[in-house]
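Shared chain: chain A. Partners: chain B in the first complex, chain C in the second.
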Partner chain A sequence: MEHQSAVLPASYGWVLLAILSVIWILLGMYWGRRAKSVEGFMLAGRNVGLALGTATAMATWVTSNTTMLAPQFAYELGIWGMIAYSTAAFGLLLFAPLAKRIRALMPKGFTSGDFIRLRYGKSTWHLFLVISIFYGFTWLISMGMAGGILLNALAGIPYEVGMSVILLVCVVYTLFGGLFAVIGTDYIQSLIILIGIVIVGAGVLSYADFDTSYTHLVDERPMLISVMLPAAIMAIFNNLLFGVGEIFHSNVWWSRAFAMRRGVGKKAYLLAGFFWLPVPIAAGFIALTSGALGINVTSPDMVGPLVAANVLGKIGAMVVFVVAFASLASSVDSLLAATSDLITEDIYRKLINPKASQETLRKASAYIIVGLGLAAWLVCLPRVGTLATVLFFAGPMVGACIWPIATGLFWKKANTRGALWGMLSGSVVGLFAYFELGWYTASLIGAAVSMVVVLIATAVSRHEFDWRRLDEKHPELEGRVESR
Partner chain B sequence: MMFSRDFFTFLVAAALVLTGAGAVTLIALWIRDMIKGKVW
Partner chain C sequence: MDNDSVSLTSSGSIKLTWHSQAENRDTAIAAFELQRARKADFSDARTYYRGPDLATYISGLANGDYYFRIREVAGAQVLSDWSSPVKVTVEHHSLNLAFTLFGIGGVVFALTVMVVLRGARRTVDPDRKPVTSSRVEGG
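What follows is the complex of A and B.
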């Protein structure tokens, strides 16, 4: 494939990179001053309000994939491609009632691992940790690689430098401020993302003649506006289930459910879902104007920035750069915080050092954040794999977690046998489908197999779970919490 | 069968308006939380 040249002069890219890095680190450290206890560091004091709660859920789910791959989806799969991408919002919308339930059942919970351990026992918990940490780490790697590739493609910044800077900046402010820093910066990043997308979209809309664009599509690429495009319609279901699986199981979303003040979680996730829903279309449609504008697209993954730069010049390219950096940072920081929480709470505290003091846990958490950042950096350095494939590998496994988690939160008769075998069989069959049938079937099949197993096991079970068992106390961490 | 030009235009316009509305709502919510002292 022919190389697509950068859309922004390198000098502009370096200046923007430096400014944004300093801003995120300073803001992260400013908000992070509140994190004086383990609970404050891991869960932002469990008092996060509706504005910050909504913004952090929305911004974390807007990754660089959303802002950069949405135009590629539109360019390759047309109108259905944009709509398919939008269905990932259903993960946030469907998690809303779960967030409320989680906060009610586990007012002192820390991680999604806590829930699986208390609800389904150790075997399921161990399997869940493998899936969840694998997923968190592959997402982190995919974001690190995406950062390097994007900054290189946008401004010619060397891949190794861009990737290292994005990881380093996020490690530094997450290290100092934990979830306080992550949620605070997420708020600013969510505004940058939404406003940036509207600026670029409105600019393209006012410049490109829509009639000409549509006529060009009818003449040159009619499949993109076809009502029947089978690959895109399959992508809808896969995207929807992958998104639901990712959100239902991942500690990124559970930690926010624990962090939001009582009564906020459900509203915040619903609002975040509605705010997220139009983003892939608003960011993606510009790709469909590329033909009418006469833009030569040699790398489909760069079609969005190319159109923005062609229509809006350097300003457009700068806006895309800032939006891409904000999208990356809002996801990388959340992954660092949530995955380190999972390792600190579920592995270090529960398996290695159950009597660890607050100070010891805080130190362990810091080492784990640095270790995760370093491990991700080492894996990203050789630039192996493409933007999406590494993460899609986790699709069937997270799809297999949907039913054990949803039924485990609401059905008393959901049980260990169904959860364990549902996760295991769904993952195995889903991975088989991934390799034998195609990535776009993997999550669908993984979730379907897991659903059948969970439903059968629940139907034949006579055991009823006592919800009170989920309310685990942490006396060693209580009384020193800084919530107001 | 193809999506009509009007549908395409509506879809894009609605997405841009809703995205902008999202930003405005987030700012309004933050101001509300500030007034109520419920930001954190």
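What follows is the complex of A and C.
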């Protein structure tokens, strides 16, 4: 392990960690007390309003990606990298009309897997489950790693301890409260994130000397302020399409679309996209001042928190600590809930135990949440790479899902052949690009190949899909169970 | 230093890592001095980093060769010789490739936006009219 100088005394870190852990667990249990039925546990009773809907979408999308990866983009890819990261907001903005369409077509739907199964059949569904669960797990690992790295760099808390605590806290409150707890905590976490970023941004702006920063960049890192940095030019649409692919396919976002009240989804996703758009630019900008401030960066994903903490001192480091913990928790809980829903509904109920009672499903869901947390913990223990390389490994696969999903929701002629081969060929060619050209090209190439395949398959198809087939009823899951 | 003596990067970024040569060095006073040069003989060398960390991540380098070496110090006192130099060659991807991918990405994005917006406009708004499943249209 390369040593990185901590900026906060370890005692401060331990106290903050303990306080935040207790707060999130108690709040999660408080909000989660309403999760009586399976539908309540998985979809918060399908009655989430605009304020909570917007907050949960924004908070979930503000993850370690924003507090750590956006600065990393700026640090590695310069000005274009910063802008490239903010384009991930298009994922939320474009999902807004999809959320409305999903709610109309599948008023009783549970997961994104339900849609793929009903729309494209079993083969595509199986491939989709592999992609989606792999992606969810990769994202979960990157969050766990981020937690460990962050607490270590800020307060010297050992990586293994910080990572374990964040995963454990989120597992506990998601276990008790399901999506009710996730959305409730997301609301508070989104407020903390926004206030914290304003404080840190204002602090860095008042402290940073722009002339010195610019001169340092010209002398030491000239490509970061060049508009002709090839890797950054490639990254712009790659990141945009990665974000779109993540949101279009992932059950994290579909479960929220199902959970929001009718008429709320589109507005909530639009608002969340606009609120989110400036956040990575603010978070990324501070990374460009690191060199002039004489801050040594041992891992690029730590540059944002390190600059903020160094510039603003102990108070700043504490603010960063709280913001980072909130942004990590708001994503880890969402991933645990949405991935466990996908496994419970699409694998356990559909493939293993179709006659499972509500109580059995709740138990299965609980075991799956614990299992996911445990598996993520085991993979996180050896720190396998930077956040970007871990997360973007799933890039080509999620990029390859964009067209099968978008056309599957709007085109009657979109068909199984196009979706299956689009996902498969996009993933394979995109992974080839990942290794041959770099992670900053993989989603783009995966999405492009998949698009061409879907377009060709649709053009030659004569079959038209009957939308009514998507309206699958689940009467056995809509009752109430007093298991807790 | 732990890096290979010659490294190639196409992104302009590289991570350099190192470790102490002495087993019982007092870590409270020991530090490392990392030099960077554009010439192989280090005649134009400048100190890039001085401190206790065991790595640094360098980004934003322009095309060309860069040389790095490290030694251990404690204040003004030098505790070790310079390490063997590490040569880093930066050779960015071609701009043709970059703009080709940029163009492909632009087309994919524009068509995706078109599919979503046209699709949303052509489908019935369930919030204005009560929709039975058979009335949900599209395609």
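Assume the second predicted complex is superposed on the first by the 446 of 484 C-alpha atoms of A that agree within 3 Å, B and C clash if a C-alpha of one lies under 4 Å from a C-alpha of the other, contacts with A are read in each partner's own complex, and residues count from 1 in each chain.
Basically, contacts are C-beta pairs under 8 Å (C-beta built on N, C-alpha and C of every residue); 3 or more make two chains touch, one makes a residue touch a chain.
Computed from a predicted structure; not experimentally measured.
Asks: Who wins on chain A residues touched, chain B or chain C?
Replies: Looking at chain A, the partner in contact with more of its residues is C.
Asks: Does the superposition put A:Arg261 against chain B (first), chain C (second), both, or neither?
Replies: first
Asks: In the overlay, answer first, second, both or neither for which of chain B and chain C A:Gly156 touches.
Replies: Neither partner.
Asks: Between chain B (first) and chain C (second), which does A:Leu437 come into contact with in this model arrangement: first, second, both, or neither?
Replies: second
Asks: Using the superposition on chain A described above, determine whether A:Gly273 touches chain B (first), chain C (second), both, or neither.
Replies: neither
Asks: Touch test for A:Leu229: chain B only (first), chain C only (second), both, or neither?
Replies: In the superposition, A:Leu229 touches chain C alone.
Asks: Should A:Gly316 be classified as contacting the first partner (chain B), the second (chain C), both, or neither?
Replies: neither
Asks: Quick one: classify A:Val198 as touching chain B (first), chain C (second), both or neither.
Replies: In the superposition, A:Val198 contacts chain B only.
Asks: State whether A:Asp471 touches chain B only (first), chain C only (second), both chains, or neither.
Replies: second
Asks: Do chain B and chain C land on any of the same chain A residues, and which?
Replies: Chain A residues touching both partners: 222, 225, 228.
Asks: Show which residues of chain B lie in contact with chain A when the two form their complex.
Replies: 1-3, 5, 8-9, 11-16, 18-20, 22-23, 25-27, 29-30, 32-33, 38-40
Asks: So in the complex, the part of chain A that touches chain C is made up of which residues?
Replies: Counting only chain A, the residues touching chain C are 1-5, 75-78, 90, 94, 97-98, 100-101, 103-105, 217, 220-225, 228-231, 233-234, 236-238, 240-241, 244, 262-263, 296-300, 402-403, 406-407, 409-414, 437-438, 440-441, 444-445, 447-448, 451, 464-465, 467-468, 470-471.
Asks: Enumerate the contact residues on chain C facing chain A in the complex.
Replies: For chain C paired with chain A, touching residues are 10-13, 15, 17, 49, 51-62, 92-95, 97-99, 101-102, 104-109, 111-113, 115-120, 122-127, 131, 133-134, 136-139.
Asks: Which residues, counting only chain A, touch chain B once they are in their complex?
Replies: Going by the criterion above, the answer is residues 34, 44-45, 47-52, 54-55, 58, 79, 82, 180, 187, 190-191, 194-195, 197-198, 201-202, 205, 210-211, 214, 218, 222, 225-228, 261, 271, 274-275, 277-279, 281-282, 285, 288, 484.
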